[in-house]
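Think of it as A, B, C and D in the order they're written, each chain with its own count starting at 1.
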Amino acid sequence: MRRRVRIVAQAFDPEAEISIFRRSLEAAGAIVTFTGQVRASSADGHVSSLHLQHYPGMTERGIDAILDEAAQRWPLEAALVIHRVGDMDPFDPIVLVATASAHRRAAFEAADFLMDYLKSRALFWKSETNAAGRIWVEPRAEDYADARRWDDAPGGG
Amino acid sequence: MAKLLFFGQLGDLAGGIERTMALSAAHAIGDIVALIDAQDRLLGSALAGPRVRYAVNGEIVAADFQVTDADELAFLPPVSGG
Amino acid sequence: MRRRVRIVAQAFDPEAEISIFRRSLEAAGAIVTFTGQVRASSADGHVSSLHLQHYPGMTERGIDAILDEAAQRWPLEAALVIHRVGDMDPFDPIVLVATASAHRRAAFEAADFLMDYLKSRALFWKSETNAAGRIWVEPRAEDYADARRWDDAPGGG
Amino acid sequence: MAKLLFFGQLGDLAGGIERTMALSAAHAIGDIVALIDAQDRLLGSALAGPRVRYAVNGEIVAADFQVTDADELAFLPPVSGG
């Protein structure tokens, strides 16, 4: 499986990255992407900005390990993970995951799996600044539950 | 000097992501937390929280892991990405 | 739920469409896309070209009905379906589905659901021309099985 | 003239996607298939296949549906998209 992992401190263009990813494929006919972008509002009201921290080196190694696991579980030709860090504004892209396979379900499941990891297990810390001040965000109970779906699941494909 | 890293809200409590600490001998992480707690109760109790994990030189370790003056010790509160 | 359905006889640019879709969002932070493109080879050997037929009017109404169902099952802000018809070459995009929601799982499941419909139930007929001649393709057993997953499933969200 | 549409491999057998048929009275689809079968066994048996569905004016109907001279009758073999 070809792979690419990027942690970026500047804004990135998800569609430009998807285009490069798709055009690099040699055989896979099924491409699934997930893009997460800063929401204009959260449960706590209007979000004015978002900040993301990571632990350089260790965060990347964790993502690389989960890509190893995805490659074992599904027949993927390629996978891409881009994650933004630093200060972000509403509508800025935060994360992009792309997977490609000959099989539609493999591409869907692998993208879903990678996002569950990035959301609740990867080494990122996120704070939101709104009218009430700055708060550190934690995954919701359903994010943890989503990630646990894969713990006992047999490989897809 | 050992390098200490405080991520997420721990960085707010520590007044910064990074600080150094001179360690004349190896100390268990639990002992280092106790040293910090003696100077700063708020930060110390946060570092001892049940959901904080420890990494030394980029590897997750337990609280009894021995840290030396050449090591990088990171305190990892609950994560949130994507 | 805002929606857009296009059956196109000419090549389309998936990433340009995804960009327009993403920039049209007002609240949703989670965008899932599926792109299917002509594979360079199939089980029968090298594919030289692919032909897709539809039944103008009836095909679109079927897709519109499945979008109604997706809107009932998941809290989606928007959904997009583009499907190519006519003659295609290897690597040409055939289908694009994009879904957007405040919830990651809703966007994943709805895109998956729509693709299962397009693959095995929507009114398209596909033929492959290769060295052995022209053959009409039918969904694989797993495509039918994939589509049946949703028949008894409760709504996600 | 009723319009008849043959999709997928049925169009190959019919020698084209579309043809017209004069219907002086309403006929059940089964009867129309029998009329075609009398002239073209190969196409007729394909149209009568268990996996072929019928649509009249864009709505799925059963084989006993009565088709008139003003209708569009489509023969829909197993589909495959995406």
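We adopt the following convention: a residue touches a chain if its C-beta (ideal position, glycine included) is under 8 Å from a C-beta of that chain, and two chains touch if they have at least 3 such contacts.
Keep in mind it's a predicted model, so treat the numbers as computed, not measured.
Participant: Find the geometric centre of each of chain A and chain D from their Cα atoms only, then give the gap between the two centres in Å, rounded to an integer.
Facilitator: Between these chains, centre-to-centre, one finds 49 Å.
Participant: What is the distance in Å between the mean C-alpha positions of chain A and chain B?
Facilitator: 27
Participant: Let me have the rounded angstrom distance from the C-alpha centre of chain A over to the C-alpha centre of chain C, please.
Facilitator: Between these chains, centre-to-centre, one finds 22 Å.
Participant: I need the residues of chain A touching at least two other chains; which ones are they?
Facilitator: Residues 36, 104, 115, 119 of chain A touch two or more partner chains.
Participant: Specify, in ascending order, the residues of chain D that touch 2 or more different other chains.
Facilitator: Residues 82 of chain D touch two or more partner chains.
Participant: What is the shape of the graph in which nodes denote protein chains and edges denote touching chain pairs (line, ring, star, complete, other)?
Facilitator: line
Participant: Which chains touch, pair by pair?
Facilitator: A-B, A-C, C-D
Participant: Which part of chain C faces chain A closely enough to touch in the complex?
Facilitator: Touch list, chain C to chain A: 14-16, 18-19, 22, 25-41, 91, 102, 104-105, 107-108, 111-112, 115, 119, 142, 146.
Participant: Across the complex, what residues on chain C touch chain D?
Facilitator: 36, 52-53, 55, 57-58, 61, 83, 94-95, 115, 118-127, 134, 136-139
Participant: In the complex formed with chain A, which residues of chain B make contact?
Facilitator: Touch residues, chain B against chain A: 5, 7-9, 11-12, 17, 55, 58, 74, 76-82.
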